[in-house]
Amino acid sequence: MFFYNLRLARMSLMKQPGLTALMVAAIGIGVGACMTIVTYVYALSSDPIPDKSEELFAVRLDSWNPDEPYWDNKPEEAPEQLTHRDAMALLESTIPTRHAAMRKAVYTVVPDSEDVAPFLNIARMTGRDFFEMFQVPFLYGGSWDESADANAESVVVLGRETNEKLFGDTNSVGETVLLGTERFTVVGVIDAWQPAVLFYDMNNGETNPVEDIFVPFTISDRREIAGAGNTNCWKDEQIDTYWDLLQSECVIVQFWAELETPQQKAEYQAWLDNYTEGQKALGRFERPTNNRLSTVTEWMKVNDVASNEVLVVMWVGFLFLAACLVNTIGLILARFIAKAPVIGLRRALGASKGAIFRQHLLEVALVGVVGGALGLVLSRLGVMGVRRMLSDADRLTGMNLDLLFMTFGIAVLSAILAGLYPTWRVCQMAPAGYLKTQ
Amino acid sequence: MELRPILSAMWRNRTGSVLVAMQIALTLAIVVNCMFMTKERVDFVNRPSGMDIENIVVADSVGFGSDYEHDRTIDEDLRLLRELPGVIAVSPTRSIPMSGSGSANGFAGSRDDDAPRHTANYYFVNEDILDALGVKLESGRAFRDTEVRRADDPDLDRLSPQVIITRALADKLFDGEPAVGRLMYDGLGESSEVVGVIEHMFGAWVSWSDFDQVAMFPRRTGGTQTRYLIRAEPGRRDALVPLVETTLSEANRTRLVRNVRTMEEVVSNSYEGDRAIATTLSVAVVLLLSVTGLGIVGLASFTVRQRTKQIGTRRAIGARKRDIIRYFLLENWLMTTIGIVIGTALTIGINYGLASAFEVEQLDYVFLVIGMFLLWLLGFLAVVAPARRAAKVSPAIATRTV
Amino acid sequence: MLDMQDISRVYRTDLVETHALRGLNLSVDAGEFVAVTGPSGSGKTTFLNIAGLLESATDGRYLLDGVDVNTLNDNQRSRIRNEKIGFIFQSFNLIPDLNIFDNVDVPLRYRGFGGKERRQRIEKALEQVGLAARMKHLPSQLSGGQQQRAAIARALAGNPGFLLADEPTGNLDSLMARQVMDLLEEINANGTTIVMVTHDPELARRAHRNVQLLDGQLASPDLFARPAAADDVDLQPVA
């Protein structure tokens, strides 16, 4: 019966190609427009590290100004970064399974070869745990060892791109590279890795690329380096030198901890509270104790990764789809009412309401499938448009199976939703009414 | 023509009429809100910057290696850049206005501890900054070249004795009193004398509420980095970009020259998201109007086909072609109007919803009027062709059994 | 076969109440060929719709093959229409988009027969009406008489015990009308009960038994041969 109905549906749709095209277009355009923006929002709001996002915590201590909260719009939150001295203190804790302080820096890479011009690279100063904590894949070698962190050794993990520039596509572990005026030994090269949202540091754009150079965080404690990223200060203190900054109340460091169990989390929270209590005794941390541990997804919410503007556009997309659906309902209803005599005849010949219902629902589902295909094409076109407009969209808007299913799902569901009322109406038609007037 | 028979025909086919009205209502609501939000974005992007953005070229310089000498590099760069054809003025700067990156600090208009502090974007510039940005000096004077602290000055990191500020900052600091000659204090109690007030300019962050509170200090940036603002004579900017790049790169190999580009690019980059939203919303408006228009054409064509016999009968009993056309136009106008009435409420409702959930501004009702007019026009245009087809129905059809 | 007791049907609108049938009593035995005649507005169409289970009586009892159809739900009624009743309409009611084969196929599909069985039944039915060679034709490619024979084949394909014909020759010229009547007689001779509604007394005479409807009731047998009105008015049930 399914294939019989499919044949009837096809015939019926082919019979009035204009009306069919309109319905398909309405659903296609609605779904296409809606999915274009959903694709973008989806990338912004999906979990960038689903295996571990509940065990990774952004660590924040409220060391801010006693007179005013850090955030105007969410006064309950702590600043998004730590002071350098607090970060160094937190690294002493042995409670987290893994943890890492991190900060951005700018390095000039000076290639040994004369053929390659020196270039600037954003580097991440962080701990050895960074890579395992965030499941960063290695192409060659691996992270540096604990002594490198402890002694601020000049070791570096390169990104794939920089490695290719400097060493071709070869295993460069053991080679050295001149960063600014200092020579670093390569200990590892990471493979392509780019979370859609740069969850571990969203201060300068949520969708920035992953850094291509990684060096021990402790280097920033021993040598003067050109930091990048945000420096936020509240206290009036004389900061003339790099070392002044490290000792100041300015927040400059991101800090992450991996806590696998709730007990571990509670223990760590207590440890943090204890630490800030101790600091209060020294005249710091004058605000009420507010030390925060946020999971990756919580942290993305705090940072408003999907901004109000983007969400507005998404709602407009949904409304747009609704308008297209109302349009489709009208067209489907018109077409079904036109078919009333034949439907009456089929009922007279013994078709049950259910059979008529299934036949026509299949017809609208078919419209949904074709509309979905059109919507898919249109949403890809739309995404191409978004890519032209937004420089960060390239990384965000790849096609994946989820989105494919979502597009077809929404299209077929929309079509069925739009077809439900007309189909129901068709089933209510008294079979006798139309037999004489054909 | 009498409305009553049309109304009763619509009442009998109320599902169809309700659907058309709903379609019109939803379209109106979406189109009006989208147009309004587009206009908001466009206005936001088009706020006057106070600067001659069209004619400015910017460049970054980053020193590296042990041979690098910061002050000498800047001296040499300034000399070379000023000699380039078409250059009006050059100033080093710590960061580029409207680029999204910059520094800010709190300043007060008096030494009092409880004097209110106002946040200002601050820039480190030289004596040519007013010409380099093309900003208008409202009162006071520009910096003198002797006032500009070099990077090797031991007092570099103390607050500069002179400052030029924007009118917006001056009004906040000194409550609208003349600012020139007054002192501006930082949190450590150091002060700068306001030597000039400029009418208006943007700071670093275009979305910041205090975007026009700017202070400029006559000094170089320490460390190894600096940026340049290079203003060209009208029409000579584009030729200047490659010239700046090669000139700076060849002059000194102990530093990197990066991001030589027009300030227009910098600004357009900062407004990228706003532009994208404006474009997306306008595309939505056009698409939705098309979908709705075609939908009405489809439904009206269908109605005409369904009523062929009825139309033939009307023709047979003496209706003129124009009566038939008028009937359909009027019927459609009624449905559109009902839709517009419902749509007006829906428009305001959606605006209210967006306003409370996402801080969208309150609707400007001009757009509602424009939207109504658009939909009336759309409804009319969409039904013209089907109505004309109806008028072509032969009166002879009345006597035929279909 | 068919037993109607005291059947009434009232159509109500906001303004009027129309009594289409008023206590109709009729019973038809298996194998009979009964013609139901009557002038316009006498309730013929209503009778047909009720007899064919297309609508329900307001009042009364209707047993079809011993089953009280008033107790059946919509699905069960559909099933009886499909299996036990064959319809023949004045305007043929073939589906214009389907060829003859597929038209005959329609009720068999709802019966749930397998492909082979359907094919056999369709071919047999079309042979019976002399259209075996035309099964790939669309209805529009056939003459009126051929179309009505195709419709009869559709009614026969499911082997119903009971054929309901509504003015089966109403849209045909006299030659074709005669052929169709011959076919109906032949079908009846093979054991199928036929109830035919017509306002043509000529046609009615070819049935075994004539029943006349007048104002929604069975007229007494001696009231015969009333002049038929020119037009037929349809009453449609109010949904």
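Things worth noting here:
All chains are identified by letter, namely A, B and C, in their written order; residue positions are counted from 1 within each chain.
Heads up, the rule we're going with is that a contact is a pair of C-beta atoms (placed from the backbone, for glycine too) under 8 Å apart; a residue touches a chain by one contact, two chains touch by 3 or more.
Computed from a predicted structure; not experimentally measured.
Nearest to the common centre of all protein CA atoms is the CA centroid of chain A. Inter-chain contacts peak for the pair A-B. Taking the mean of the C-alpha atoms as each chain's centre, chain A and chain C sit 66 Å apart. Chain geometry summary: the mean Cα position of chain B and that of chain C are 72 Å apart. As a whole-number value, the distance joining the C-alpha centres of chain A and chain B reads 26 Å.
Contact residues on chain C toward chain A in their complex (touch as defined above): 45, 49, 52, 54-55, 74-75, 78-79, 81-83, 87, 89-91, 93, 95, 97-98, 106-107, 109-112, 154, 158, 166, 234, 236-237, 239. Only residues 18-19, 22, 25-26, 29-30, 33, 37, 106, 108, 110, 118-120, 180-181, 204, 226, 236-238, 240, 307-313, 315-317, 319-320, 322-324, 326-327, 329-331, 333-335, 337-338, 385-386, 389-391, 425 of chain A touch chain B when the two sit together in their complex. Remark: chain B residues 15-16, 19-20, 22-23, 26-27, 29-30, 33-34, 37, 62, 64-66, 101, 157, 186-188, 223-225, 256, 258, 269, 272-277, 279-281, 283-284, 287-288, 290-292, 294-295, 298-299, 301-303, 305-306, 350, 354, 357-360 touch chain A in the complex. Taken in their complex, chain A has these residues touching chain C: 1, 4, 11-12, 15, 341-342, 345-355, 428-433, 435-438.
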